[in-house]
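Comments concern the structure below.
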Amino acid sequence: MTETFTRAELLRRAGAGGALLTVPGLLAACGGSSTKASTTSAGSTQALPKTITFSNWPLYIDVNQKTQSHPSLVAFEKHYGVHVKYLEDINDNDSFFGKIEGPLSQGQSIGRDLIVLTDSSGLPGRMIELGWLEKLDKSAIPNIKNLQPTLRHPGWDPNRDYSLPWQSGMTGIGYDPKLTGGPVTSLHQLLTDPKLKGKVTLLTEMGDSIGIAMLENGDDPAHVTDATFKKALDMLQKAVNSGQVRQFTGNDYAPLLAKGDIYACLAWSGDMVQLQADHPGLKWVLPDKGGMIWTDNMLIPKGGNAYAASVLMNWYYRPEIAAEVEDYVNYICPVVGADKVLEKSDPAVAKNPLIFPTKQMLANAHEFDVKAVNNPKYKKQFQALIGG
Amino acid sequence: MTAAVRAVRRHVLTGYAVLALAYLFLPIGVVVAFSFNNPKGRFNFTWQGFTFKNWTNPFGYPGVSSALKVSIEIALASSFFATVLGTLAALALVRYRFRGSGATNLLIFVPMTTPEVVMGASLLTLFVNWRVPQGFGTILIAHILFNISYVVVTVRARLVGFDRHLEEAAMDLGANEWVTFLKVTLPLIMPGILAAGLLAFALSIDDFVITYFNAGATITFPLFVWGAARVATPPQINVIGTAIFLVATAGMLANIVFQNVRARRAAAVGV
Amino acid sequence: MRPSNTFGGPAGEEVSDTAGVGHQERVRTLIHRRKGAIPYLLLTPGMAWLLVFFVVPMWYLAKMSLSQGLFPLFSFGWAWGNFRDAITAYQTQFIRSGEYAAVATAAALLVSYPLAYWIAFRGGRWKNLFLLLVIAPFFVTYLIRTLAWETILSDNGVVVHVLQHIGILGPNDRLLATSAAVIAGITYNFLPFMVLPLYVSLEQIDQRLIEAAEDLYASRAQAFARVTLPLSLPGVFAGVLLTFIPAAGDFINAQLLGTPRQYMIGNVIQSEFLSVRDYPTAAALSFVLMAAILVLVLVFARILGTERLTVAA
């Protein structure tokens, strides 16, 4: 049936190739001045626990290869005198949810204060509905003001009461101009250009493939209706039947594109940053009529220490800390001001529109309707399309 | 049939066997080659140039070394316990006739016919129902579980071909049953036990599915590779994969050499 | 099954010093004893483990397969309809699993028999080394191996170009993301499960029987067909079974080398457990799969006899 276990899920995290440029001066600088500011502005007298447990995806935070440590976390521990147990144990939204739902449904703690899940999987929204998340302690997160304006009001958590983005990414079109003989700028072209026949892949994520098809049709992917869903589905079905579409993939389009097995595909921005490091000729664009944006969200599972988790969130919403993470991860930074910090230390990253998209790009990137993702009827129809 | 035809036939078969072995090693060759790749990005998909740097810094990614350590610990512990439990069971099954041996055979056989997904998911159900926190312990339990059956059948195969007269001779010469077991039986079935242990080790260190369901927050090497593959396929993963392959192969090779030496010495003594 | 006596040297050639001052009283009786507590004592730890961690979870799973309701609240209720629904909804994947597993098993037999034959009869003192070579590739983590296959089978790789050149593949055909790739992956990954039992049964054949046949003027082909092949059949059966069973339940090959069009029943079970979270359906599917496999095992058991089956395995 579905994308379950593999890369098919949300495998779109990436980062810069091993080379990691920490921001040594910055840390020292911020350690001094902003310290007091944050404690006072937090305005809370609560005590932090000895240990905060934070589950994240692998290779999704800054790394110092020499010391094999995560500098931004080390700095946090030093600053607050707490230990952060950092686990890289989330491989896949669904499987991770499968692991934690047992205890959570029985009212047991899962032993974590902070976890990171993707909005387009539908799971963060579902956890809110099930009452499995703690509210953020916003009094401890003054830096929430640095959240990208476009990410402030997602449909599934309109006031960000339960979630804060860790990273985000965009879904657009990746292609190799040497093989396509020119730019590929629309889904229409992807699905009909005879030069691309059999050399095109789409994504097994419903929100990505259906979402972009809806935009192509001029429909709103944030509010899916039976009619707009069907129209998008039919358009993709036609291209599948004609043999234009080779297959639906998770991020396994990446080796295919790198090796020239496919010419163009729906692709995630973060993967492209990595691919471009070795294949500078590859291009990535948001389709003319718009692409999709998704976020990986920090969430506090029931039983976690909401205050401590919020303090940690606040730390990562400091522009200089966010910049340090971003310099390694190379996805899209949700924290305003991080690019300013990086302009001095690593201008190449700061100027990369795949990492710090322009306002125009952000305006052209849309969220997908989370309710539609959780709708079993749509799920089934989409599965029939990709597996039929 | 002429000698020429025979010779050709002989070489055809040898050629076929060589091709079959080449087929087995083809992907391993690719894995080893790409451990020397030098990609600038985090994906190790296409050849970008030769380097030794992955080999000089195999643990460049934090998490790799701890994941590997967990994998090795689990593989050692689970293969040890499974080998002990399985060997005892195999002895009982081959040496004794008793009520319930049919049911016991079935109980040993069915886990081997159970798809990994099913075994993993059903164990998860158990641990959740019993409120057992998942982690190192639950992985170990699961690995011992799926290894036991393989150990039993492997050791049993060795015991079935066992010459009982040797034990009788020992007892005739005055050894008691315990001494006979330690000095005669055990050394003779040792190759089978070692083979079972190695097999259990291999199954454990490579297991992904069952581990995934029962790992909790603990990360084994295959889990790390799986998780990282969505973000990156660092060449260091190939380095460690190659290293596990080399170490395991060396271990098995040592076992073979050891057995051969013993066999030759025994032959020299004239037994 | 698996490497049964593979790594070891020839059996029973050595007796260590028969020392040990014994007390004659209890000698002898023990080994041949047919009753008593000892076999149970030996079995208890291992079987207890299997009971607690295999049978009990299966019991929970059985209850779940007859439950109904929506995630996360399921309640037990003899919902036999789960089974009917599961089979009708996923017929395609069930049939596909059977087909892929059957083709892969046949291919594995074709590759393995001559190899096992060669090792058993031509391997000489290097037998164990060659067996080691058969197993060694499987110490490289499954996922890394499969990624390597992706590289080998790439559209622009040597394999595809050669196949296109000799006309097996058309100029626009490919290997990746096809049934052929999935079957090839399964064949490769379960090959030791075929080679080892074949080797064990071939190696046990008394060479003198073959020589005798030839002395009686049988041709090599006749000697093979009348002597070697029949004697190796238990190994063939065991190998077929041990390859087919995990192959039918596999999902990783279809997921990595195929597309959703190649998904097998293992992928469905996986997805129902982890993605759709329809546990009753997932549990029902699991039991249908296990039942299908057990029927197969019983058919084999009738052919071989249970004892031989489990021993060969």
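Labels A, B and C are assigned to the chains in the order they are written; within every chain, residues are numbered from 1.
The definition used in the following text is that contacts are C-beta pairs under 8 Å (C-beta built on N, C-alpha and C of every residue); 3 or more make two chains touch, one makes a residue touch a chain.
Everything numeric in this text was worked out from a predicted model, so none of it was measured.
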### Query
Measuring centre to centre, with centres taken as mean CA positions, what chain is farthest from chain B?
A
#### Entry: Chain pair, A-B or B-C, that carries the greater number of C-beta contacts
B-C
## Note on the structure
dist(centroid_CA(chain A), centroid_CA(chain B)) in Å evaluates to 38
## Note on the structure
When centres are defined as mean Cα positions, the distance from chain B to chain C in whole Å is 15
### Residue list for chain B, restricted to those that touch at least two other chains
45, 226, 229
### Message
Give me the residue numbers in chain A that touch at least two other chains, ranges are fine.
### Response
5, 92, 95, 98, 255, 259
## Note on the structure
Each of the following residues of chain C touches two or more other chains, namely 151, 251, 270, 273
### Query
Residues of chain A touching chain C in their complex?
1-6, 8, 92, 94-95, 97-98, 101, 105, 130, 198, 204, 246-249, 252, 255-256, 259-261, 376, 379, 383, 386-388
### Task
Using the touch rule from the top, collect the residues of chain B that touch chain A in their complex.
39-43, 45-46, 48, 57, 59-63, 65, 124, 127-128, 131, 133-134, 212-213, 215-219, 223-224, 226-232, 234
### Message
Taking the touch rule as given, give the residues of chain C at its contact with chain B in the complex, in rising order.
### Response
1-24, 26-28, 30-31, 33-36, 38-40, 42-43, 45-47, 49-51, 53-58, 60-61, 64, 111-112, 114-115, 117-119, 122, 125, 128-130, 132-145, 147-149, 151-152, 188, 191, 200, 219-220, 242, 245-246, 248-252, 266, 269-270, 273, 282-283, 286, 289-290, 293-294, 297, 306-307, 309-311, 313
### Task
State the interface residues of chain B toward chain C in the complex, per the touch definition above.
1, 6, 9-10, 13-14, 16-17, 20-21, 23-28, 30-31, 34, 45, 84-86, 88-89, 91-93, 95-98, 102, 104-105, 107-119, 121-123, 125-126, 129, 141-142, 144-145, 148-150, 152-154, 156-158, 160-164, 166-171, 173-177, 179-180, 183-184, 187-188, 190-192, 194-195, 198-199, 202, 205-206, 208-209, 221-222, 225-226, 229, 233, 237-238, 241-242, 244-245, 248-249, 252-253, 255-256, 259-260, 262-263, 265-267, 271
### Query
Which of the residues in chain A come into contact with chain B in the complex?
5, 7, 9-18, 53, 55, 57-60, 63, 65, 68-70, 87-92, 95, 98-99, 102-103, 106, 108, 111-112, 250-251, 254-255, 258-259, 273-279
